[in-house]
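Accompanying notes for the structure given below.
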Amino acid sequence: MQIRTDLAMECQETATSLAGVSVDTIQHGSIEEVRVTVETEAAAHALGKTRGHYRTLSLADLSHASAGERMELSRLLAAALRTMLPKEGDVLAVGLGNRHMTADALGNRVLESLLITRHVRSLADDPTVGKLRGVCAAAPGVLGTTGLETAEVVKGIVEHVHPSAVIAIDALAARESCRICTTIQITDTGILPGSGVGNHRLGLTRETLGVPVIAVGVPMVVYAAVIARDALSLLLQSMGMNEEEHRQTVDQFIGQVAQHGLGDMVVTPREVDDMVGKVACIIADGINIALQSGLSEEEIRVLAHDSL
Amino acid sequence: MQIRTDLAMECQETATSLAGVSVDTIQHGSIEEVRVTVETEAAAHALGKTRGHYRTLSLADLSHASAGERMELSRLLAAALRTMLPKEGDVLAVGLGNRHMTADALGNRVLESLLITRHVRSLADDPTVGKLRGVCAAAPGVLGTTGLETAEVVKGIVEHVHPSAVIAIDALAARESCRICTTIQITDTGILPGSGVGNHRLGLTRETLGVPVIAVGVPMVVYAAVIARDALSLLLQSMGMNEEEHRQTVDQFIGQVAQHGLGDMVVTPREVDDMVGKVACIIADGINIALQSGLSEEEIRVLAHDSL
Amino acid sequence: MQIRTDLAMECQETATSLAGVSVDTIQHGSIEEVRVTVETEAAAHALGKTRGHYRTLSLADLSHASAGERMELSRLLAAALRTMLPKEGDVLAVGLGNRHMTADALGNRVLESLLITRHVRSLADDPTVGKLRGVCAAAPGVLGTTGLETAEVVKGIVEHVHPSAVIAIDALAARESCRICTTIQITDTGILPGSGVGNHRLGLTRETLGVPVIAVGVPMVVYAAVIARDALSLLLQSMGMNEEEHRQTVDQFIGQVAQHGLGDMVVTPREVDDMVGKVACIIADGINIALQSGLSEEEIRVLAHDSL
Amino acid sequence: MQIRTDLAMECQETATSLAGVSVDTIQHGSIEEVRVTVETEAAAHALGKTRGHYRTLSLADLSHASAGERMELSRLLAAALRTMLPKEGDVLAVGLGNRHMTADALGNRVLESLLITRHVRSLADDPTVGKLRGVCAAAPGVLGTTGLETAEVVKGIVEHVHPSAVIAIDALAARESCRICTTIQITDTGILPGSGVGNHRLGLTRETLGVPVIAVGVPMVVYAAVIARDALSLLLQSMGMNEEEHRQTVDQFIGQVAQHGLGDMVVTPREVDDMVGKVACIIADGINIALQSGLSEEEIRVLAHDSL
C-alpha cells in the first residue's frame, strides 16, 4: 500500500540521503522553514515527487498563534511566492476543492479574502488603482457537484484570460496528523494528478496550462489507513517486535482495513472549521502582500477583510 | 431614459400591434403562459428584443402557491424547455449572478437542486445511471468578485466540454414590481449583453458560444428609476394632466433622480430571500424533468433535494 | 480508556445478555430497526446509557439509497417519533452543533427543511393553516462561536415558548466507522452531557427543560483513538495473539496516542458533506410527517424543500 | 401615511427647532458625527423617537473609503459605545435580522468578526486571556424562519447569562436612499417595536430586558413608497406647483401605491452585498475596540478576521 502524502517535507528522511535532492532548514523564531529542491529525474522518481522547488512553513500551534506570529507567516509566504512568481502580469488565483466540505474548503476560503483587482484597474475614481497588480480568481468546484474536471475549467479560463501565472490553493493530505493546519507548502511544481483532499483526477501544471503554476497547500486530512498503519508500527515497536519481520502481516491487514470502508475515511481535528478560517486568512494576506507591493500591509489587511 | 426590462412579455402592448411578432396567451388553471415570437429583424428592432421565441409562465401569488400549482409550473417549464433543447447530448447548466446577493443568487440556487450526472454515467454500481442524460454545471460568479467576465469563463468551459446546449439561469430586471418572483421566462435567444440584475457586460448566445443557449430567467428587481417614473405617470393622470405635454419635465426629472444615486438602486420585496428559494426549486425541478425523462417526477424530487 | 459511542445499539452485545434491557430487531426490507429499552437503573449503569427507549433505523448504503428507500426511512422515523411525542401542542425543534463544520452541521441542516408553522397559524389568508401543528425552531450554535452554553439558550427559550415537547437533532460519535451517516437513532432520553460531535457540556433532558425531549441523532464521526484501538485488536487477532494478554500494552499505547494529539482527531468519510445533506432531508421529512398529520407526504415534500 | 425612518438624525430638521432636543454636529475629517439627545417626553412624542442619546457617524462614500477612513470610523464608533456601556461585566452581542437576506444580514455579519471571549477566560493556556472582557453572542434569527419572536429568545438568554449590557446590531430603514450603508447610528434607547428592515414586532429595551441595551444600526433599505413620495414632491416643485395644495392628491396616491404591492417593496443599492460586508467589518472592529481595551488595534484586527 502506498502511504499517501502531498508534503515534500514528509519525504525528508529519505530525501536527506538522496543524491539530487537538497534540503535546507531555517528557523524564523517559532516558525520553521524547510526548503526542498528536487534536482534530478532520478531523485524525483525515488521520492515520488516532481522536480522543482518546495518550501514549507510550519508553526506547531497555529490555533494559539499570536497576531505577530500570524503576520510573520504571511510575510514568509509572500517572500516564498515572490521567488516563484513572474515579476509582472496578471495572476489567476484558483481555489480548488469543495466549499461545502470544511476540510476541503481552504481554496474557496482564501479567495474570499484576496484582493481582486483585474477589473478595477481601468476605473478612474479609485485612488489606489494605479498601484494594483491585476488579480482574478476562479473557484471551479469539484467533479461531484459540477460534473466538470477542475483542470478543464481552469484550462478554459487560462486560454481566455492569458495570466502570467496561476496560483492554485488546495487542501492537502499528509502523512502525520500533527501536520494538519500547521504547515503551509509552496511549490512551483503545480498541482499533480491524484493529490489534494479530493484527489484531483487531472493536474494543473505548467505543462497542461502553459504558464507557471505555483501551488499553495495546507494539510487538512490524514487518510485513516495511514493512522492505522502508524498505530501498528508503534505497537509492534512497543511490543519489542521487529516491524520488518511482520511487514507482510501489516500490509495485508491494512489492505483489509482499506477494503472494509476505512479506505475513504479521513482524519481531521474536530476544530477543523476554526483552523481552516485562520490559515485561509494567513494565506490570503501572504498572497496579497506578494502581489500588491504598492500597498502597505495595513492597507491590505483593511481592504481585504471587508466582505464575505 | 431607457426603461429597462428583460421580459419580452412586458413589451407585449407594443408587440400585439407589430407586424412580425406573434403573441399567444394560454391559461393553465391559475398559471398564465404567454408565447411571444419575434420573427423579423424589423420587429426585433422596434421591440428592442432579439429574434427568437420567448415563453413566460406567471402565477400571481407564488408565495402562497399550493404544492399542486408549483408542480404544474415545473411541468410547464419542462415542456417549454423541451421545445428548445436538442433531443440528445450533454447539457451545461450555467448559474449566473452573485451568490452572496439575495436578489442575484437565483442561478446559483437553481444549481444546488439540479441533478448533476455527467461524471456518474460511467459508474457501474448505480442502478439509475443508464437512464440519465449527462448534465454538468458551472457558477462562474460575477466580475466584481472574480475579476473575470462571465462570458469568457463559460466560453472556455464550452470549448472543453462540448455540450449539445447551454441552459443559463439568471435573475432579471423587470418593468413592473408585480412581476418579481411571479414570472418565469424561457427563451432560445440566450443571455444578451446588458441584461440581468448584474448587467452582464457580454452576452451568452449561440453566436458567441457556438451551441444553442436557452435562458431561464425570473425578475428579481425593478430599477428604482422605473418605479419613480411610473409613480409620476400615475400622478399626472390622477391630477388630470396630459402626460405627453409634461414628458420633457418628467424625463428631465428622472434624469436628475438617476444622477442623484437612485440610478443604481433596485426595488425588491422584503421577503425576496424566501421567494428566490421557492422559485429556484420550481426551476430546478422543471429542468430536471425536461432532461431526465428516464426518471419519474417523484424520483427526481427525492434525488434532487438531498444536499445543500 | 473509555471507548465513546452515542449509539445505544452499539452496546447491544452487552445489552442482550443484561437483565433489565430488552432488544428487538425488525427488518423492513433493506432497513433494519433495533429497539432497545433500558428498564432498570442497574442496567442503565452497566450499559452507560440512561433509562429509556432507543430506536435505530439503519440502511447500509445510504449514499446509494433509492428514492423509495429514503421515503421509507422518513416514514419509519415518523412512526418512531409518534410513539414518543405528546399528541398535541407546539413543538420546539433544536438543531444542535456548529453549522460551519460539516460533520457537526446536521442539526442546522435539518432545520432548513422543517416546516415552521407556529407563527402562521393566525394568518387568515393561508388555506393550509388550519391543518398545521405549531412548530418553531432554534439553532443555538456552539460554545466556541457564541460563548454561550447550548443548554442555557434552549432553557431560556423553553421558559418563554412553553412547547409541549422538544425535538433535538444532533450529530453523534459512534464506535464503528460503518455507522457514519447510515444509522438514525431516536430516543426519549434527550441529549446527555458529554455526547455529540461537539461534546455538549450540559444536557438537554426532561429533567433540565421540564418537557419531554426527544433526541434524533446520526453518527457523523468516530474518534481516531477508537479506530486505532480497533486496528490493534484486529492485528493481534490476525497475528494469532490473545488480546486479553496484551490488553495492558494496548491500553497504554492508546493512552499515548491520545496524548499525542490524536485524542481530538475524528474520522469521517471524505464525502461527509454530501451524506449529511441526504440524511438531513430524510430526517426533516420524517419530523414533518410525524408533526403535520393534516398534510399529505407530497404536500410536505413540496412545501418543505423550497427555500435555503 | 407615516414616512418611516429608524434614524433620529433624519428627524433633525424638525429636531433643531424643538424644545427638549439638542443636536450637535462634529466634523472628523471626512466623517460627520451628529449627536441628538431627546430630553423630554414632549419632544420624544413630537419627534416619534424615544428619549435618549443618538449618535450617527456618516461617511458619504463608504464604498470607496480608504483604509484610514475605515479605521477612524471604527475608533469613533468605539468612543461612542464607551459613553453608553457599563465599565465592567460581560456583554451579550445580539445580531438581529435574517442571515439569508442580504439587506437584513448586517447583524449576523457583524457577529462573524466579533471576538467571543466569555468561554475562554478560564482557559489557562492562552496568554491573552487575562486581558479579555467577556463577550458572548446570539443570532436569534427571524420570526419567519424560526417561528419565535426575537425578543422572547433574547429575554431567555439574558435571564440565564446575566450580562451587564446588550449590544444589538440591526439593519435599519431610512428616509433617504443616500443614507444606505453610509451612516452608523448608536443609541442607548435599544431596539423599538416596529423598527428595522424586518419590522421587529417586539422591542429590545432596558425595560423589557432589565439591562442597558445599546443599539448599533445601519440603514440598508428605504421603503419604495418613501421613494415614490419623494419623487412626487420633487416633481411638483419642478413643475412650479405648491405641494401643500396637492397634499391630499399625493397622500391618496401613495396610499394606492402601497396597496398595489409597493408597500412591502424596499429599495437597496445593487451592490448591497459588498457594502454590508464592509460596514459589518467596521462595526465589528469598533465593538472589539470598545470592549477589549487590553488589546492593541492590530491584535484585534488579526484575531478577529480569522474565521468565517
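For clarity, chains are labelled A, B, C and D in written order, and residue numbers in each chain start from 1.
Keep this in mind: contacts are C-beta pairs under 8 Å (C-beta built on N, C-alpha and C of every residue); 3 or more make two chains touch, one makes a residue touch a chain.
As the structure is a computational prediction, the values presented were derived from the model and not from experiment.
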item	value
Chains contacting each of chain A and chain B, listed by label	C, D
Selected pair, greater C-beta contact count between A-C and C-D	A-C
Chain A-chain C separation of Cα centroids, rounded to whole Å	35
Computed distance of Cα centres, chain D from chain C, in Å	39
Shared interface positions of chain A, touching two or more other chains	100, 144, 273-274, 307-308
Of all residues in chain D, those that touch chain B in their complex	98, 100-103, 144, 177-178, 197-198, 221, 224, 227-228, 231-232, 234-235, 238-239, 246, 249-250, 252-253, 256-257, 260-262, 264-274
Residues of chain A touching chain D in the complex	64, 66-67, 70-71, 109, 113, 125-128, 273-274, 277-278, 281, 298-299, 301-303, 305-308
Chain D contact footprint on chain C (complex, rising order)	100, 116-119, 134-141, 143-148, 152-153, 155-161, 307-308
